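Look at the two complexes coming up: chain A is in both, with chain B in one and chain C in the other.
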Partner chain A sequence: MSTTDDRMWTARLRNRATRALPPEQLMPDRQPAYVASWIYVFGVATLAALLIVLVSGAALALEGPQWYHGSPEGRFVNSLHLWSVELFFFTMVIHLWGKFFMAAWRGRRAMTWVTGAVAFLGSIGTAFTGYLVQSNFDSQWIAGQAKDGLNSVGLGAWFNVLNYGQMLLYHVVLFPLVLGFLVIWHVLLVRRRGVVPPFEDAPATAAEPAPAPEEVAS
Partner chain B sequence: MDHPGTYLHWGVIQISVANLIVIGLMLLVFVLALVLPFPRGRQRP
Partner chain C sequence: MSTLTRERRAQIRARERQPWAGEYRRYDLVKEFLAALGVITLLTVVLAVVFGSPDKHAISLAEWARNAPNDFVTTAVAELDGSSGTATYGAPYVNDPTAGQKLGPLPLQRFGGVREPVDTAQDFVLGPLSTVTGDPALRSALAQYQGASDDQRKAWTGAYADALGKAPDSDPAKVATGDYGPVPLLAGRLLDLARSGGLDGQLLSSGGFYQTDYAKPLLFIADGTYLEDQARAEHLGGDQWGMMNETGRYPGQAWLWLYPFWYQIPPFSTSDNADALVWALMMVLSLALVLLPFIPGLRSIPRATRVYRLIWREHYRTNR
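Right after this comes the complex of A and B.
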């Protein structure tokens, strides 16, 4: 017999979300012992760098180009935005290498791998549009080169890298929204499926649950 | 910094020294992450 709650979409969504991601799985305080390795650090290092990218980017958007090109504080935050992006890609590539050699798509983790790969590609687009909105001669030169490259592969009619307003909106609204969605989805999938175990600890078939290894506090 | 970067040419491959250094550093950090011991956290009682 269904109750009033069962017929409400909010209750159904809540129940489904709680079943998919119980609170203890969403915010765990224990991790398998094999996670105690430096190679597992680069995913969260990428997230930390992304947080600095977003905060410094918000400050740049708030104050505008006169501030970030013309004042010492602005130039500092401008550089912070650039170098946190460098760090973001640096750690993300090492995270990618580590997960590739672990075959991290094992054990029903294909979507975790795919969302990470698409987020990586989306990050490249976001970074490239960032080069276009520096509002200096460098960005003009990069836009000219990008226009020729994109036209040569037939993408020039779809969007225009010389259109500053379009590239600015791509960089500060569209791409961060898409990237943010992908990153949150990726992290939730990591929480749901767990961190991929080493080959020697993996179950014989994907349907079997992984053996419970020794655990350490995270 | 206000001058063109130094590029290396090797057949069809062309890469700036700066990018090559970054790739080298990433490889170095990747290898170090695999071989360096990780500090152990407190064990579950």
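Right after this comes the complex of A and C.
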């Protein structure tokens, strides 16, 4: 390829992406031998649950509220959505605790932790708006309670939990887009930095080294 | 207290950044994902078939008026009187500089401004009643009320609210005689309008054909006790960890446990600014979670607790 071609924005972006994450690193078929614990399953289980959440949510969006309140098929898909969300959080919390006890931010992996933690908080917000748009008694009550919290810090004027239309759009468009971006970023960072290695068997009193400054920007 | 030298820490950091120099093994990520997808799908379907999902229907103003007419009338009089929860709420519904929660000296609630203005007397009572046709007595009562001075209106609504409070079960039919002006008739007609279902549409309407903002009907219902009574029966009350619960025996938003937890203990449980305090605390804790790798002490917990020995027990056994 000529130098002129290499200067094309498209070529630069491709080259940068493949340098940062070559295909064999993006989808490796080997892992360090220490990746041998059930705890590692919960990360991928979280992604699997998220996929079911998205698919069942898409089915609910296709048919609409009358369908999922008023027909047996709709109520069943609504149940699938509910339980996949419960499993999503169950697996994600175990994944989070597992990564905490591994101190998985070590070795330039701080941003992997940060994106994962923000995705966890974003998931809470997304699920919360889901509870608000159930259009049943629970959503009525949760909206009435939640407005006090949001209003108390001045956010209720924009994040209006009593506005069904706004909450529905937050739940099916805005939050999933943000969450999807965070999850993809998080997974790409995991692939780029690899799985954190075990601690050297250090004394329990040893303080954890601070992440190097460049870890934040990674 | 650190027992590692600076040089040793640098060595550890350098090693942790490098690709693993030890043994590798086959690991099929795609197969692992598909297996996880199969198991999670199966679990989801089984849970959905066995337990289904809760769907207690929403409470309408009509249902409230039919099932708890005394509570409805008491609430309507409070809305007219300007003493209801919404009427005294402050931002973002009511412009009242003295109302609203604060975080220390900061009146955070007021910072958002009045973005959803609500005049409880006009929006919840007088406005809807003014659309009723073919009722000369109501027309006359509205004219009398709207033509009276503010002090007179306040005297009528205050006296009627007191009388309702003293009547058995707050029953309007058992209220002692007194000078309540047109207020009993207005409240009674609003009850009739609500029972017919007309008030639900009236409060939702804001001039356009399509409506999605349920702020007014929800605020009105929440000012009464009927909604809360139903919620408490479903263990959803604020002192029952309500935000994380679901109707029936369903797990709900269990991941929110820390948020309602603070409301159960002092000083939050006794503070007038509990919501602002809890929100501020949760923001700090959330930030701490996100920035945990950079917080001395907290980031050392995993090494100190040695739970990692359990996670990597195979590694430590083979590398002993």
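The definition used in the following text is that the second predicted complex is superposed on the first by the 198 of 218 C-alpha atoms of A that agree within 3 Å, B and C clash if a C-alpha of one lies under 4 Å from a C-alpha of the other, contacts with A are read in each partner's own complex, and residues count from 1 in each chain.
Keep in mind that, in the parts below, a contact is a pair of C-beta atoms (placed from the backbone, for glycine too) under 8 Å apart; a residue touches a chain by one contact, two chains touch by 3 or more.
If you're wondering where the values come from, they're calculated on a predicted model, not measured in any experiment.
Within the superposed three-chain model, A:Leu62 lies out of touch with both chain B and chain C [touch as defined at top].
Which of chain B and chain C touches more residues of chain A is settled by the count: it is C. Of the two partner chains placed around the shared chain by superposition, chain B and chain C are both touched by A:Val41.
Of the two partner chains placed by the overlay, only chain C lies in contact with A:Asn160; chain B stays clear of it.
When both complexes are overlaid on chain A, the residue A:Leu82 reaches chain C alone and has no touch with chain B. Contacts of A:Ile94 after superposition on the shared chain: chain B is touched, whereas chain C is not. Shared interface residues of chain A, touching chain B in one complex and chain C in the other, are 30, 36-37, 39, 41, 86, 93, 98, 215.
Chain contact summary for the complex, chain B toward chain A: residues 22, 25-26, 29-30, 32-34, 36, 38, 40-44. Residues of chain A touching chain B in their complex: 30, 36-39, 41-42, 86, 90, 93-94, 97-98, 215-218.
Residue ranges on chain C touching chain A, taken from their complex, read 1-4, 9, 12-13, 15-20, 22-30, 32-33, 36-37, 39-41, 43-45, 47-49, 51-59, 89, 91-92, 100-101, 103, 108-113, 115-116, 212-215, 218-219, 221-222, 227, 230-231, 234, 236, 238, 242-243, 246-247, 250-251, 253-256, 273, 275-276, 278-280, 286, 289-294, 296, 299-308, 311-316, 318.
Across the interface of their complex, chain C is touched by residues 27-37, 39, 41, 44-45, 47-49, 51-52, 56, 69, 75-76, 78-80, 82-84, 86-87, 89, 91, 93, 98, 100-103, 105-108, 110, 113-114, 117-118, 120-121, 124, 127-128, 131, 134-146, 148-158, 160, 162-166, 168, 194, 196-212, 215 of chain A.
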